[in-house]
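Structure first, commentary second.
Going by the order they are written in, the chains are A, B, C and D; count residues from 1 in each one.
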C-alpha cells in the first residue's frame, strides 16, 4: 500500500486537522467529541441548515463543500464507513438556526440507518429535521425489494443547488423539495480502471488485469456490475452515457448539467477527453449541455476511473447552480 | 442454570477477542462483495466497548447491554453500527434490572434483539445479511428450549444454526446492503455480517456452555 | 497502459476540444493552426498579455489557468514536450493589447529554447516581449554550468500573482519584475509514490518497487534524485520541506503561502495529511502560513505523489494572490 | 563526386525511416534519463518533413534544408525541436541556391549546422548531449577531407566518430538538458540525442556513400 499517510487509523483525524488549519475562514472542525465540519459562521439564524455526511475517502465531498452557499456541516465517517448518529446529531444542533435542518443522505444502508437514528434523536431535542435520500446510480437495478440505487454524483449537484436555496432563506419544506427534485432529475454511472486500497485493509479491494475495467462501480471500491476488456474513451463514455440517458429518459430539447467526475487517480486531461465524447453523444441526441462540472469531486481514494452524471436543468436549478458558493472544493462568485 | 452478570461481561469480552482475531477475515469477505471495512468496523466498535465496560461493571445486565449497544451505535458506523447497536439495545430493554438471566430470559432477549435488527434493516430471510444467521439461531434456541434442552445444548444449537445460516448465504444473490449493488456477482461469496453474527452466537455458546470454552 | 483515451496521438487535440466545449465563457481554443488556448476576450487593450506554455500532462496547468486575472494564453505541447515557437508566436499575437507580452517560461531546455525563438519572432513583428524563467526546484543543484533548476510549483503561484498584476494594468516592466520576484521567493520539491505512463510510450517511465518512493522528482515522470524505502507522511513532508526551508532560507517571522500539490494520482485526503505535517513544521520554525493552496494544480499525468512549494509573502504578493481570478482551474472573487 | 539534390532528399527520407524504426529505442533511452519522448518527438517531426518535402521538390538544396529545419522547429518541440531545427536551418543558410554539394560544400554546411546547435544549446563537449556525437563527426569529416579522402570514406569516418561520441556519453554525468536533473544517476545511460545524431550521420553515409546503402 502506497499512500501519503502516517498510520491507517489516524488518516481521518489528521486529514481533519489539515482541513481545520487550511480553511479557518470557511469552516470549524469539531474533533473533541464526535467529528464534524461546520461552516465558520454556523448556526446562521433563520436559515435552513443543510448537512450531509458519509464515509471518508470521497474528498472533497462532503467536508470540502461546507461553506457559504452549499453545506452547513458535514460528518466524516471512517474511510468508506458511514458516520455515526451522534456525529449527525451534534452537526444538526450546530447548524440549527431555528429554520430546521435538512439531511442529505446517500442511499447506502449504513448512511440511511445512521441518519434515521440521528433524525430521531434531533427531533427528540425539538429540532425539525427533514431527510432526502439521493439514489441516482443507474448501474444498480431499482427495486422495492432491494436496497435500491446508490447515491453517487448527483449528491454533489444536490448539495450545491439545495445549499443555494437554503442560502436564499427558503423554508425547509421548499429546500427539501428542491433537493428531492434534483435527485429525481439526476442520473449517474461510474467505471474504474483500477481498484483503490482502503488504508486499514492495506491491499486493493479488488484486482483488475492490465487489460480489464469495471463498469458500474460505486464510490467505495466495491466491484462493479461487469468486468470487461479495456475500451477507448469513446466506447467507455457511450457505455456510461447510454444507460443514464435512457433511464430518466433525457430527451431531445432538454438542457442538462453534465458532470464528468474523476474517481481520485484519474488526471484532468483524461476527464476532458471523456467530456469531449460526452458532448458529442449529447449533441447527437439533441440535448444541450448548458452547464458542466469536470474534475474529481466525489472520489474513491486513489481509484482511476470516472463517473458521468447528467442533471436535467430547469430555470430554477440553473439559477441556483450559478448562485455564489464559497467552499474549499467548489467556489465561484465569492 | 442461569447466566450471571459476570458471564455476560465474559461473553462481550470473548467476542471482542474473536473479532480481533477475525478482523482481516471479515474485511476480506467484505472486500469481495462490499467495501472492505466490516472487520475494521466491528473491531473499532468492540474495542470501544471494552473501554466502556468498566464504567458499568456494577450495573444490571440491561444497562450493560444498552451501554454496549449505544457504544456500537456511536463508534461502528456503516450498516453494522446501527444493526448491532440495535441488537444490543434491544437485548438491554428485554433485560432491564436483571442481575442474571434464566434460559427464558435469554430467549426473550435474543428474540427482542433479532426482531430489532429485522425492524431496523428490513431484511427478509434469504436477502443475504446477518439476519440469515440470526433468525435460524433464534429458531434453534426456541426449538431446543421447547424440547426442554439444557441451556448449554440450546446455545450450541443456536450457534450451529447460525453457522448453517451463514454458510447458506454463499450461493445467494444479495438483496439488501451494499452487496446488493453487485447483483448476480454477489453469488458465490459468504456474507460478512452473517459471519460476524455466527461468531457472536458461537462466542455465547463457548463462554456460557461450559468453563473450558470448548463447546459450540 | 490504462487510460481514458482514444489514441495516444489524439489525446491533446481531444482534450483541447473538450476544454473548448466546456469553457467557452472563459477561453477560445485555436486548433486550426498551431494550438493555443486564449482568454475569451483577448486581446485586452492596454493590458500586458501574460502567456505560458509547456508540455501537456500537467493539467490544469497551463490551459486551466487562462482567464480573467491569470493567464491570457497557454500553449500546450505534446505530452511532456515543450510546445513550438509558432504556437507561442500566435498566442503572443493573440494577446497583444498594445502593452507588451510577458512569457512565463519553466526552466527546461526545450521550453527555454522554444520560447526564445518565439520571442525573437514576435519582436521581429514589432511586439514587445519580456520573458521570465521559473526555476524553483531545490531538488536540482543550481549551477552556472548546468541547465539549472527546473520550474515546478512556483509556476502556478507566479501565474496567479503576475496575472493579477497585469489585470491591474501595470506596465510590462513591473509585471515582469513581480514575476521574477515570485520566482526569487519561491522554492519547491516533489516526490513520487508511482511513475506515470506517457501515452505514446505506453509503459511507465520508471518502475518503483512496492515499498519504494522517489524523492526529488520533476513533473515529467523523470526519475528523482534518490530512491528510498517508503516512509510516513510526516517523514516525507520533512524530507521535502527541509531543503526548501533551508534554501531560501525561510526564517522565523516569515509569512508564507504553502502550496501542497498533488501529482495527479494522489487523492485530496492524503494532501491534507501532508498539509497537516507541513503546518507543524512551519510552526516549529516560527513561520506563519498566511495563505495556502491544496490540490492537483501542476501534475504529472496519473503519477501518485506530491510536491510542496513555499512562497515568502509580502503585502503586495498577498494582495495580488487574493485578487479575483476566474479560470477553469482556479477561481475566486468572480 | 558530389551530392545531388535528389541525394539530399534521399538522405532526409532515409533518416525519417531510420527514426520510424528506432522510435521506441530512442524513447526508451529517454525514459531512463529524461521524459520518454525523444523517439516520439523526432518521429512526429520527420513525418511532418516527409509531407512537406514534395512542396519544395523543385527548389535548391538551401531551400530544402531550411524547409526541413522550419518544419522541425514547428512540429518537434522539446529540446530537440529547436536544436535539430537550427541544425537544418544552418545547413540551409550554408547551401543557399545550390543544386548539388561538393565535399567542401558539405563540410561547410555541416560546420554551420554543428555550430548552430552549439550556439543555441550552449552545451560543451562532455555535457552528455547530441553535441558529443556532432562535434567528433565534424572533426572526423574535416580530418578525412584534409587528408584527401574521398567523400564516401569521409562520410563513413564522420558516422563512425559520431558513434564513438555517442558511446562515450554513457558513463558521463549530464550537465545539460533534462538528464542533468538526475545528477549522478544520469551516469550509465547513453544519451538519446547523441544517439539520434549518430543515426543522422550514419544515414548520410549509408545514403550518399554508395547506391547499395551498405556503406557506413
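The criterion applied here is as follows: a contact is a pair of C-beta atoms (placed from the backbone, for glycine too) under 8 Å apart; a residue touches a chain by one contact, two chains touch by 3 or more.
Note that the structure is predicted; figures quoted are calculated from it, not measured.
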{"item": "Identity of the chain that, by mean CA position, is farthest from chain B", "value": "D"}
{"item": "Rounded Å distance between chain A and chain D, as computed from the means of their C-alpha atoms", "value": "55"}
{"item": "Chain centre separation in whole Å, for chain D relative to chain B (CA means)", "value": "76"}
{"item": "Centroid distance [mean C-alpha coordinates] between chain B and chain A, Å", "value": "32"}
{"item": "Contact graph of the chains (line, ring, star, complete, other)", "value": "line"}
{"item": "Touching chain combinations (by label order)", "value": "A-B, A-C, C-D"}
{"item": "Chain C residues within the chain D interface of the complex", "value": "34, 55, 77-86, 108-110, 113-114, 116-117, 137, 139-141, 145-147, 150, 198, 200-201, 205-206, 218, 220-223, 225"}
{"item": "Contacting residues of chain D [partner chain C, same complex]", "value": "27, 31, 33-37, 40-41, 44, 73-83, 120-121, 175-178, 180-183, 185"}
{"item": "Contact set on chain C toward chain A in their complex", "value": "2-7, 11, 14-19, 21-22, 56-57, 59-60, 64, 193-194, 210, 213, 230, 232-234, 236, 264-276, 279, 289, 292, 294, 296, 299, 301-302, 304-306, 326, 328, 331-334"}
